[in-house]
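Consider the two complexes below, in which chain A is the common component and chain B and chain C are the respective partners.
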Partner chain A sequence: MKSPTATKAASSDISTAGPAPKGLRPDGRGGRRIRRQLPTSPWLFAAPGLVIVAVFILYPFLSTLNNAFTDKRTLIPGEYVGLANFRELLHDDMFWIGLRNSTLYVLVVVPALVLLPLLLAMLVQKHIPGITFFRSAFYTPVVASIVVVGLIWVWMLDERGLVNAVLEAVGVGKVGFLSDQWLLLFSAMAVTVWKGLGYYMIIYLAALANVPRELHEAAAVDGAGAVRRFFSVTVPAVRSTMVLVGALSSVAAFKVFSEVYLMAGPTGGPAGEDTTLVMLVQRVGTGLTGRVGYASAISVVVFVVTVALMLLVLRADRKEDA
Partner chain B sequence: MSATETTETTGTTAKSKPRRRPRVTDENGRRMPVWEIVLRYGLLLAVLALMIGPFLWQLSTSLKGPHENIFSSPPKFLPSDPTFHNYERVADTIPVWDYAFNSLKVAAANVVTNCVGATLAGYALARLRYRGRKAATIVFILAMLVPVEGIIIAQFTTMRELGLNNTLIGVLLPGCVSALNVLLMRNAFLNVPYEIEEAAFVDGANVWQRFLRIALPAVKGTLAVVAIFAFMGAWDDFLWPLIVLSDPDRFTLTIGLNYLHGTFANDERLVAAGTVIAVLPLIVLFACLQRYFFRGVGEGAVKG
Partner chain C sequence: MRISRIPRRAVAAGAVLAVLLPLSACGDGDEGGSTDASGKIEGKITFQTWNLKANFKPYFEGLVDEFEKKYPGTEVHWVDQPGEGYADKISADAAAGTLPDVVNVSPDLVAPLAKAGIAMDLDKAAGKYEKEYLPGAWKSHQIPGTEGTYAFPWYLNTGPLFYNKRLFKDAGLDADKPPKTYDQLFDDALKLAKKSDGKVATLANVPTIEDFGRYGVPLMDKEGTGFSFNDAKGVELLTKYKELYDAKALDGQALTATPESTGKKFLTEAVAMNPGSALDLEKFKKDAPTLYKNIGITPQISSTGKDNMYVMGVMVNARTKQTPAAVAFAHFVTDAQHQMEFAKKVAIFPSTQGSLDDPYFTKQDGKEETRVRVAAAKSIKTAVNYTPVLFSEQMKVELRNAVARALQGKESPKEALDNAVKNCDRLLKTS
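And then the complex of A and B:
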C-alpha cells in the first residue's frame, strides 16, 4: 500500500469530477484567442508527466496482461503458453490460500472501516476544547509508515509483549496472536483497521459537516433517541460517503501486503497459510528464478477482483437510490 | 467548520460566578450537559490511549537500558534509567543514518518531481488548448486506476531493462509524477477564475509568465497537499523498494527496518529504536503541517 490509502481516497473525486471544460472559457472564445498564441508549449508542459506515467504505469500494466499468457521468467523471455498459467492457478493450493485470505480480509476489514470511523467522526465532531488535539492524535497511525506500524504491533502482540502481559495480569493468560494461523491473520486485520481509522474519520468528518442540523433537531422534537437519530438521520445523510469508504477500503484490503508480510514474515506465517495474493505475486515473481508469467497471471486475478469489487460497491449504491 | 467554537462566556463584570465558568456548548449554542461532557472526554481519552499508546510503548522500549527487563509483568511504562544507548547500537548494527538519508533523498526528490511535473501537466490539462488534450487527460485517469500492487513485477522488469535496478533512481522513478497528483493540480487550476489570466494575456503575458506568475500562486494550497503526500508516500513506501533494492548498502529506511527486524528479531530495544528514528520525522512534519493536511484531505473527501 503506497501511502496511507490517502491518495486512493482523493482519487475517486477526480474520476467522478465533471467533464473537462471544452475550452479556456465556457464560450470557447478566450480559448481560441489564446491558442493562436501558443507554440508547442502545451506538450512541453504535459511531457514529463506523460512520459513517466506511460513508461512506468501503463506500459507495465499492458506487459502484465501480456506476460500472464507467457512462461516468462526473470532472465528468460519465455513464450506464449495460452491459458496454461490460469489452468495451473486452479490447481495451486497457494493461490487458493491467497485468494481465501485476501477475500477474508475484505469481509472483515471493510465493515469495520465503514462503521468505526463514522462513530469516531461523531465523537470528534463537536467543537469542544482540545478537540483539535484529539483529531490530530487519532490521525497519527495514518501518518506513521506501515513498516513502523507493523513492527510496533509485532512487539505489542509478541508472546512476551504488552498485550499478553496485560492479558496475563488480568488472568486471561497468554494468547498466541502471532503463532496461530487465524489469530495472526485477524491481528493483521486489526492493525489495518487501527491504521485506517483516522483516515476515514476525516472523510466522514467532512461529510458530517454537510448534514443539515435541522434534520437532527426535527428528529429530536419528534422524540427520536440518539440511536434512532443515528440510523434515520446520520446514516442516510452520509450514505454516499459510506459507499465511497466501502469501495476504497475493499480495494485496499484485497491488495493487502505489508501488514501481513511484516507480522507473518516473508513466507506468510505457519506453512504459508497467511499468504495474501499480493504476497504471492511478490514471492513468485521476484528473485533470479522468478516466474514472471505466473506472477502476472495472479496479478490479472487481482485486477479483475478489484474492478469487480468497485463495480459491486457502486452498484449497491445505485440500487439503494432507485 | 461551524462557527460556534467553544463559547466562553467571559462575563465582563466577572462578578457572577456561573457566568464566568467556561461553558461547553453544542453547535446550536446550547449547553452540553455535564454527563455528556464527561462521557465524551472519557471516550476520547480511551481512544487516545488506543491510538497513541502503542507509539509511546515503542518509545519507552527504545529508551530502556540493557539491564532493564523489558518483559516485566506487570509491564513498566517508564524506563527506570532512560538511555539513548539503543540508538547508538542500532547505528552500529545497520547503517541506519545512511538508510534514513537514502529515504530522505528519495522523499525530497519525490516532492520536487511531483510538484513540478504535476503542476506543469495539470496546467496543460486545465488551461491550455491543443489537439490531444482529451487523450492526455484520459491517459492520466487510466494510469490512476491501475493498481500498483498488480504491476510491480512488470515495473521491476522495466526497471531492469533500463539498468536502474538496485538504485535509488529506480525507487524514485515510477512514482515521481503520480497521475493522481496531476489530476489534483488540474482540478485546482480549473478552479482559478479565468478572468485573471485573461487580463494577464491582454497585458501581453506569454504562457510561461501566466503559468508562473498568475496560475501557480493561486493553487498553493493544493501544491502543499501534493508535497506532503509525495513526501509521506516516498518515505513510507515498502513494497516497491523491497522489490527494487537488493543491496543492503542502498536500502531505504523502511526496507532497512524490515531487515533489522528479520536479522535481530530478538532484540526488541534495537527494533524499537529503529522504528522511532523512522517515525519521528513524520510525526514532527505532520504536527507542523496538520492544518494544510486536514484541509487537503477534507477537501478531497467533500468532492467525492
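And then the complex of A and C:
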C-alpha cells in the first residue's frame, strides 16, 4: 500500500502528467539548458541600447582618437603622422588662445554656478504667495533656445542696444561689450551663468528639501544667525550636490561654444582673441578644406582636460569625506 | 546552430564589428561614372541648389518639368539646402559618397571638390558647350594647379554701393559726388567722422580679400602656389584702414561684424555706406522709409577700374551613374534661355554670350531699379572675380584676424599681412 505521501508525490510527478513541455525534460537536461541560455538574454535586451552607444558614442570616439594621429582632411583620407598634430598644437597661437579662454571660462563660470543657484534656491525655497511665478521665471532661460538667448543678448549689448542706452543715460557712456576682447568674453560668461542659474537652482531645491529643519532650529536656538546657519548647516548638508554642480558646470564651461560663437561671431571676436577650444575644433575641422586630423587632436586635448577636471573635483570631494 | 556554443565575447565582438565595419566604409564612395556624356539622356538624377526654394520654387519646378518633358525617361529630384552651413553639407555628402549628381557651387567650393576628383572635368565631358558662355565666366571654374573646368558658369552678380545722402550733406560733402576710388573714400570717411565727432562711421566692415583686389593688390601668383597680398600696396591699404579705425570712420564693432550686422547699421543710419544689390531697395522702402528718401546709389569703390564680380556655377558629380543626363541637365539650367528667364526673376546677370546685350540690361525706363540693373550689367562686362578660387573659409578667417590685429595696433600692417600670408600658404599646402 502506498503511503499518502507517496501518492501525493506520484500525482505531482510531471512524468505522469502527459508530455513534458519543450525544453523541460524530466532528465534535467532541459533545466541546465535554460540556465545556460539565460546569460544571453540580457544581452539581447540590451542590444538596441548597445548598438546606439556603439554607433553614436563609441565609434565617433574611437574614430576621433584614430584621426588625431593622421593628417586626414575632409575629402582626403590622409596617412598616419604619429604625434605631428600634437607637436603642431604646441606652436599654434590659436590653440593657446583657445586653451586660455576655455580655462578662464571654467575659473569664472564654475564658482558662480556653484554659489549663485544655491542662494537663489534658498530664496525661492520659501513658501510665500506667488513664489511659483518666480521659480518659473528663473527657470525660463534654461528652456529657451541658446540661439534666441544669444541674439537677445547681442541686441542688448550692442553699441546701440538697451544696456548702452541705459549706461549713456546715467552718464557712464558707451561700453564696447561686443568689440572689446575681454568684455566680450566676460559678457558671454555672464550669459552662460544667467542661462544656467535656473537649471542648477532646481538641483539645489531638491537637495535643500532634504536638509532637516530641526538642524536649522537647533542652530538658531544656539544663537546662530542666518550667515552662520548657511555655512554651518546648509553648506555641509548640500556639499555633495555642490560637488555635482561643480563637476557638471566645469565640464560644460570648458566645452563652451554657442554663447561665445553667437556673441563673438564666427571669427571668435576681434582677431580671434575670444576663440574657445571647441570653436577652434569647429573652425579647423569643418568645411571642404577642413583639417579633420588636426581638429581631432584638439578634441583629444579637450577630452583629456574634461576627464581631468572631473577627476579633480571628485578627488576633492573624497578628500573632504576623509 | 546553438548560440550557447559560441563564446559570448565572440558574439559581442561580432555585434560591434557588424555595426562599425559598414560605418568604416563611409567615405569610400562609389567611383562611379565617366566623363562620356554621349549616351542616351535618361535615368534619375538629383539636383541640389543653395537657398533658392523660398523665393524661386515655381521657376525651378517649371525648369525640372521642362527638362523631363524634353527628355522622356529622365527624372530630376530637386533638393534645396539652406545657405547657412552649405559648404559643410556639401563636404559631409562628398565624404560620405552621397553628393547629388548636379550641384550648385561657387568657385571656392568647387576647388577642393575638383582636387579630390569629385567634380567632373567639363572640358572633357561638355567642352562643346564652352563657346556658349562668356570666356571669363567659363574660366572662373578652372583651378590653378589642375587642368580642366569643373562647373558650368551660372549667374554672375555684382552690386552697387548704397550711401546715405543726408549723412553726406550733414558732413558738408557733396551728396551727388560720392567717392569712386579708395583714396576718395578715405578722404570722405575721415571728413564725415570728424564732422560727426566720431558718431557716424562711413563703413561697418573691415577690408576683405575683394577690397585688396579692387585696391590693386596682387593676391596670388599665377600658378596658385602662394599668396601675395602682403606686398607694399596691401600694406598701404591696411595702413589707411587703420587711420579710419582710429578716427572712428570705421565702425567700432567692425572687427566682429557680419554682413547682416553691417546691413542693420546702414538701415539704422549708423553708417553712411554699405554694399548691396537691387533687391535691397525694396527692403529700404519697406523697413526704413526715412533712409529710402535719402538713398544714393554708386558703383563699387575700385581703384583698378574694374568691379568685383561674384560667380555661381553648376557642377556635375564625377561619380554620377547618369553622366549624360547629369551633364545635359547642368547645361539646361545654365543655357542662355534659362539664365535669361532666371535673370528676369531676380537681380542676377547671365554668364552666356550675348545675354547682357538684351534690352532688359541696356534700356532705361526711368525706374531706380532699372538704373541699378543697367549700370551693374555694364560694369559686369569688365568685372573680375577677385576672390581666388583657392582662398578657403579658413584663409578668410586668417586674413580677417590679421586685419583686426593691425587695426587694434597689436601688430603693424606689414607684420599682420606677412603672418596672414604665411598662414594662408600653410593652409594652401594642406588643403
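Convention: the second predicted complex is superposed on the first by the 273 of 322 C-alpha atoms of A that agree within 3 Å, B and C clash if a C-alpha of one lies under 4 Å from a C-alpha of the other, contacts with A are read in each partner's own complex, and residues count from 1 in each chain.
Just so it is clear, a contact is a pair of C-beta atoms (placed from the backbone, for glycine too) under 8 Å apart; a residue touches a chain by one contact, two chains touch by 3 or more.
As the structure is a prediction and not an experimental result, all values here were calculated from the model.
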Contacts of A:290 with chain B and chain C, given as first, second, both or neither: both
Which superposed partner A:168 touches (first chain B, second chain C, both, neither): first
Touch count on chain A, higher of chain B and chain C: B
Contacts of A:316 with chain B and chain C, given as first, second, both or neither: neither
Which superposed partner A:71 touches (first chain B, second chain C, both, neither): second
First (chain B), second (chain C), both or neither touched by A:202: first
Partner chain(s) touched by A:160 [first = chain B, second = chain C, both, neither]: both
Which superposed partner A:55 touches (first chain B, second chain C, both, neither): both
First (chain B), second (chain C), both or neither touched by A:107: neither
Partner chain(s) touched by A:264 [first = chain B, second = chain C, both, neither]: second
Residues of chain A at both interfaces, chain B in one complex, chain C in the other: 33, 37, 43, 50, 54-55, 58-59, 158, 160, 265-266, 286, 290
Chain A contact footprint on chain B (complex, rising order): 1-2, 4-6, 22, 24, 26-28, 32, 37, 40-41, 43-44, 47-48, 50-52, 54-55, 57-58, 61, 71-75, 113, 116-118, 120-121, 123-125, 127-130, 133-134, 136-137, 139-158, 173-180, 182-184, 186-187, 190, 194, 197-198, 201, 206-208, 211, 229, 232-233, 235-240, 242-243, 254, 257-258, 261-262, 268, 271-272, 274-275, 278-279, 282-283, 286-287, 290, 294, 297-304
Chain A to chain B touching residues, read off their complex: 1-4, 6-7, 9-17, 20-21, 23-25, 30-35, 37-38, 41-46, 48-50, 52-61, 63-64, 67, 120, 123-124, 126-129, 131, 134-141, 143-148, 151-156, 158, 160, 162, 165-166, 168-169, 194, 197-199, 202-203, 205-207, 209-210, 213, 217, 241, 244, 251, 255, 257-258, 262, 265-266, 278, 281-282, 285-286, 290, 292, 295-296, 299-300, 302-303, 306
Chain A - residues contacting chain C, complex: 33, 36-37, 39-40, 43, 47, 50-51, 54-55, 58-59, 71, 73-77, 158-160, 176, 178-179, 184, 264-267, 269-272, 283-284, 286-291
Chain C to chain A touching residues, read off their complex: 3-4, 8, 11-12, 15-16, 19-20, 23, 27, 87-88, 90-91, 94-95, 109, 112-113, 115-116, 118, 252-253, 255-258, 268, 270, 392-394, 397, 400-402, 404-405, 408, 410, 427, 430-431
